[in-house]
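Below are two complexes that have chain A in common, paired first with chain B and then with chain C.
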Partner chain A sequence: MGWYIFKRLIQGIITVWFIATATFFAMHSVPGDPLLNDRAVTPAIRANLEAKYGLDQPLLTQYVIYLGNLSRGDFGISFTQENRQVNDIIREHFPVSAILGILAVLFAALGGVLWGSLTALYRNRLPDYIIMFLVILGISVPSFVVAALSQYSLVTLNNAVGQTLLPVAGWGTILHMLVPAMVLGLSTMAYLTRLMRSSMLEVINSDFVRTAKSKGLPPARIFTRHQVRNAILPVITVLGPQIAVITTGGFVVEIVFAIPGLGRFFVEAVQQLDYTVIMGTTVFYGAFLVFMVIVVDVLYGFIDPRVRLK
Partner chain B sequence: MSEALNLANNPMLLEVENLAVEFDTYGGVVKAVRGVDFSVEEGKTLAIVGESGCGKSVSVQSMMGLIHMPPGRITSGSARLRGEEVLGRNELNGKEIRGAEISMIFQDPMTSLNPTMTIGDQIAEPLQVHRGLSYRQAFGEAINLLEMSKIPEAAKRAKQFPFEFSGGMLQRAMIAMAISCKPSILIADEPTTALDVTIQAQILDLMQDLQKETGMAIILITHDLGVVARMADEVAVMYAGKIVEHGTVDDVFYRSAHPYTLGLRAAMPNNDPARQHELKPIEGSPPDLFAPPKGCGYCARCPFAMEVCDKHHPQDYFLGDHHFSCCWLHHSDSPTKPEELYFKENS
Partner chain C sequence: MTDIHVSDFRPLQRRSDVHGISRPSLSYWEDAWIRLKANKRAIVSLYLVVALLFFTLLGPLIWTVDPGLQDLDQISQPPGTDRSAEIVADYIAWDGVDPSAGSGARVIDVPTTQVVRLKWDSLPGANGHRVYRNLFPVGNEFAYGIPVGEYFDNAIDFHEDRLDLKPGRYFYSIVALAADGSVTQTYQTVEVDVVRVTTLSEAREQGLIQTDSDLQIGDSINLSAHPLGTDYLGRDMLSRLMAGAQVSLSIGIGAPLFFVFFGVVFGSVAGFIGGKVDQFMMRFADFVVALPFLLFMILFKIAFGIGPGESGIMPMLIALVLLMWPATARLVRGQILQIREQAYVQASQLLGAKTNYLIFRHMLPNTLGVVLVTLTFEIPKAIFVEAFLSFIGMGVAPPTPSWGSMSNEGIKTMLTTPHELIFPAVFISITVLAFNLLGDGLRDALDARMRNQE
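On to the complex of A and B.
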């Protein structure tokens, strides 16, 4: 197991290096540069700035310097924001995104497993039809629509009650987190519900569930120990990448609910061609995704013994 | 029929009477089992033989409540364990029927065990549920059961997962699990079909040994006449959802009284060079159970078929205490008595 984790970590580092390299060259091949946005830069000032940031160096030299900094965990200084280290931006804003993401994933995973199992057990009966209809809705309605609608409902609710039950936007307490997390996790929950349903249907008709029934076990025990435990495996497989997708893809929800997460900086940096922030956030997100996949693979080994030994 | 069988003056452990099972499908209603009677004595082995799709598995699985309802449906019949009805019930006198009174092993041991639980845990489960043992006690008992099933290093093996076992070992583990609560009946649904021949013999030996030790009855479902000859006390031959011939092993093999049994025997290979013969397949295919024939189901494939066979279903003609054949040839007015078949002496 230790060797397996070590091997996966080495693979992960190679993947992250690949992401860093691809991002670096993709970004530098885009027309324009970070200084373009500034007002009336004279050629002399421009040359000074380029020298300061190392933009006058050949691309390969820049790449080597960049890799050197990266290996020391230094993402550099932001081009567009005064006096801010990219590391500081990530340190301040990623925890917000991460908490929101984790809540959203928990909501999505619990809901997905529960609704998926229910629809499978009630296959082709009313509960199945209702939940599957909502699932299609959850997958196809974009998150900014759901976010706006839920904000509108919150306002109506708070007005009706006459006090603020749940805040409409902002960040701080657990109450601020609930609704955005649900909105953020909704489409993933819908996706996981479908996945869980089909995998549960397969398990329900499997030979070992028939064996469990022939042993005379109570239905609750068959459900938890024989059905869910096997049906949940594909859900866990996609959970790792989904955690990363949710955590990094939350900027729409972050903007609608005025949440100070990392997503907003990511998008703004791309718009302003802020090289260091783009590189920093991309590599950081890439590393985060790779790490989550490894975590899930290790977790998988604990649930499915067949993976553990290999 | 069951009254007649009871003439042997042995109280029957399990009596199944007129069991019929249907399935709703997109193509219509399949009448998979169309009125089946059989009974098992304590400590004896009943073999149910027949080709694929004849309803042998469905009849026992419906009795165990293992068919999905819907689409499945038991339309008639009763199954009595020591005189008490078990169909549609979970408990009998406070004892769980499934797993405790009647237990079952299946055709494919590779897929019949939960891949994410250790073998020991799976054997311990029925003990925890039916006998109220603690996990530790049940696991210890599971190791004993694995030893009884002749699995070497049982204590180590109990902590392993199904994928670490071979097919034969898994079937042993299945047997250990099935006998864990000392059931009075073990139903073995083609227990050796997925195993290779040497392992088959070991599994059958194990089942016989355990039967001697525990005195349980075995219902053995198979299409392998070699297995029947070796294991069974009584044999029921099934065709198209009905039992066409029933008797002791000797009755069915040496005094075959139904053309279908004869056809099965002719299609069976044997390794006696003196009696080497070409295998004769039974021509045609079984009848469509969406619309079962009015008369005898075997009529279309039967070399001795008469006009009456197509129109009317024959009754069971008794040729001995336990031996009956469901065939018009045994009617007293039957014009022919083919010499390959066994007939009652005085008829």
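On to the complex of A and C.
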């Protein structure tokens, strides 16, 4: 077990190195001048700026310095926001994205398990058709349309009631988080519903469920103790990668709902060509993704003894 | 024991009717086609996809309006709006004289989309006036709207509004200014119903009437038709949706074609060679999978750069191909590894088949079904990515329309003119839905192992 974790960690570090390298060379092939500003800069100032950001070094030296800084967890200084550390930016904005992502995953997982088992129990009857139609819809409608429509309905709702029941945009209280988290989790919920449905259909026809029925257990107990418990395993498997995907994929929701998360900040940094922030965010998110998957894989080995860790 | 003699046997007559196959033999693809035809959802989706292709390829030949042409008389018009407009004389500047000599805030002449002429009496204690325009009444919060004119002289008591007028109701407020130029709460308001008009010269310019037509001032004509309305710059929605479809679908279908092909080559080479090379190649694919997808899409897009006047389709295609191939490669490798162990491949090898023959005769044709299913599922993903990137402004460069960038423009005016968001959004959703359902159907029809899983 210890050897397995060690091996996965080494693999993870190599993957992060690959991500960092790809990011570095992609950013350095961006056309244009990172120090080109609206203000005219004299050659002396320019030379100073280049020295400050290390741009006067040859590319390979820059790469080595960059890797050295990364290994100490230092992402450098922002290009557009003077004297602001990229680490500070991430520390400030990432928790917002993370909270939103965790809420969205919770929502998606609860919804997916509930709807998935309902559709399996009511297979080929009206509830099944209605829910599966909604699921297909949830997969087909782009997230920005869902976000816009939900914002529109919030405005209508607040107007109809005459007071602000749920805030339309912004960040702060739990009320701000509810609707964006739902929108963010919607497509994952649709995906988990399909997964739960097919896994539940397998379980329903299995021998141990028949045994439970024939020994006279009440249906509710069979449902909770025997069916859901066994059918939920594939859902848990995909949950880990989904947490990372959702947390790093919240751009649209963060933009539409004006949430100060790292995704929105990344888009702004790209628009202003803030090199260090772009590189820092990408590597940070990449590392987050990689190690999330490792953590989930290791945890899964503890939860399900059938999974043999190689 | 009875003795059996040769004479006890007699040759059986050859009867072809016993061994004959009563039904025509079905190839794999014919069988799949029959299964697909039985699946109603898949067939409806197939029709939808064909209809979309017609819309994209033949639509611009039938509806020939230039997607970049601005119709400034009809800006942000929802579909089905009344298009009639009265012809008026060309605009002449107004000297502020009120022939009727009325009082209070009032409108002089008929308010038209050409000009709204306002006149008022100086407000008590005013040091000049500011004219505001709003779509709603002022109300208790003193929401005046947007300022359209400002005069620091009480002697000037008239204003001509020519700013971006649309037919409909406006509320103009004339607000008294304090000595320091700040806005007070003393105001007069006037409700104006603006009529749509056009001039002879404008109508001629747009080709609505012939040069020698005998239309007079006061007659009414129909402005150019826009079946799905216009956007915020007065461009025809239908022709933009068609042009956007070309962009969205060429990325959404083109990119998967490329990267699925690349994935097939990469995966089959890795699977066929096996050993160290296979391990190395698949480790590389794992690295690419580990890249945070959307961040790298954006990163690659800015790395490839969009020059002035370029649409940005190529960088997006390249970025998609670079990032999305590993899934197909893994799948095809798995398939190849399975097929390699099949008895018929070994038999073929025993009979002396060459490597090329094995690959092109046995391996690739047998992965084709899986590859086709993957392709169908990758198309909606690519369409989503394109729409998503264009939506956050990182996709195709304006003025090139794509469904995503149209949604991005439409969402800003969602509350007043929802059609600008709804049409592109509906097109994206229908396309993605059709390809998803078609993919489900194809998977059921082509892949025997995946059948009846749901």
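The rule we apply is simple: the second predicted complex is superposed on the first by the 272 of 310 C-alpha atoms of A that agree within 3 Å, B and C clash if a C-alpha of one lies under 4 Å from a C-alpha of the other, contacts with A are read in each partner's own complex, and residues count from 1 in each chain.
Keep in mind that, in the parts below, a residue touches a chain if its C-beta (ideal position, glycine included) is under 8 Å from a C-beta of that chain, and two chains touch if they have at least 3 such contacts.
Every value quoted in this text rests on a predicted model; they were computed, and no experiment measured them.
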Touching A:225, do we find chain B (first), chain C (second), both, or neither? first
Which chain, chain B or chain C, is in touch with more residues of chain A? C
Give one of first, second, both or neither to describe whether A:121 is in contact with chain B, with chain C, with both, or with none. neither
Just checking: does A:216 make contact with chain B only, chain C only, both, or neither of them? Give me first, second, both or neither. first
May I ask you to decide whether A:206 touches chain B, chain C, both, or neither, giving the answer as first, second, both or neither? first
Quick check for you: in the superposed arrangement, does A:102 touch first (chain B), second (chain C), both or neither? neither
Which parts of chain A are touched by chain B and by chain C alike? none
Mind listing the chain A positions that touch chain C in their complex? 15, 18-19, 22-23, 26-27, 29-32, 136-137, 139-145, 148, 152, 155, 194, 197-198, 201, 248-249, 251-252, 255-256, 266-267, 270-271, 273, 278, 281-282, 285-286, 289-290
What part of chain B is in contact with chain A in the complex they form? 64-66, 68, 90, 96-100, 103-104, 106, 108, 111-118, 125-126, 129-130, 161, 163, 174, 177
In the complex, go through chain A and note every residue touching chain B. 205-208, 210-218, 221, 225-226, 229-230, 303-306
List the residues on chain C that touch chain A in their complex, please. 286-287, 290-292, 294-296, 298-300, 302-303, 305, 380, 384, 387-388, 391-394, 404, 407-408, 411, 414-415, 418, 421, 425, 428-430, 432-433, 436-437, 453-454
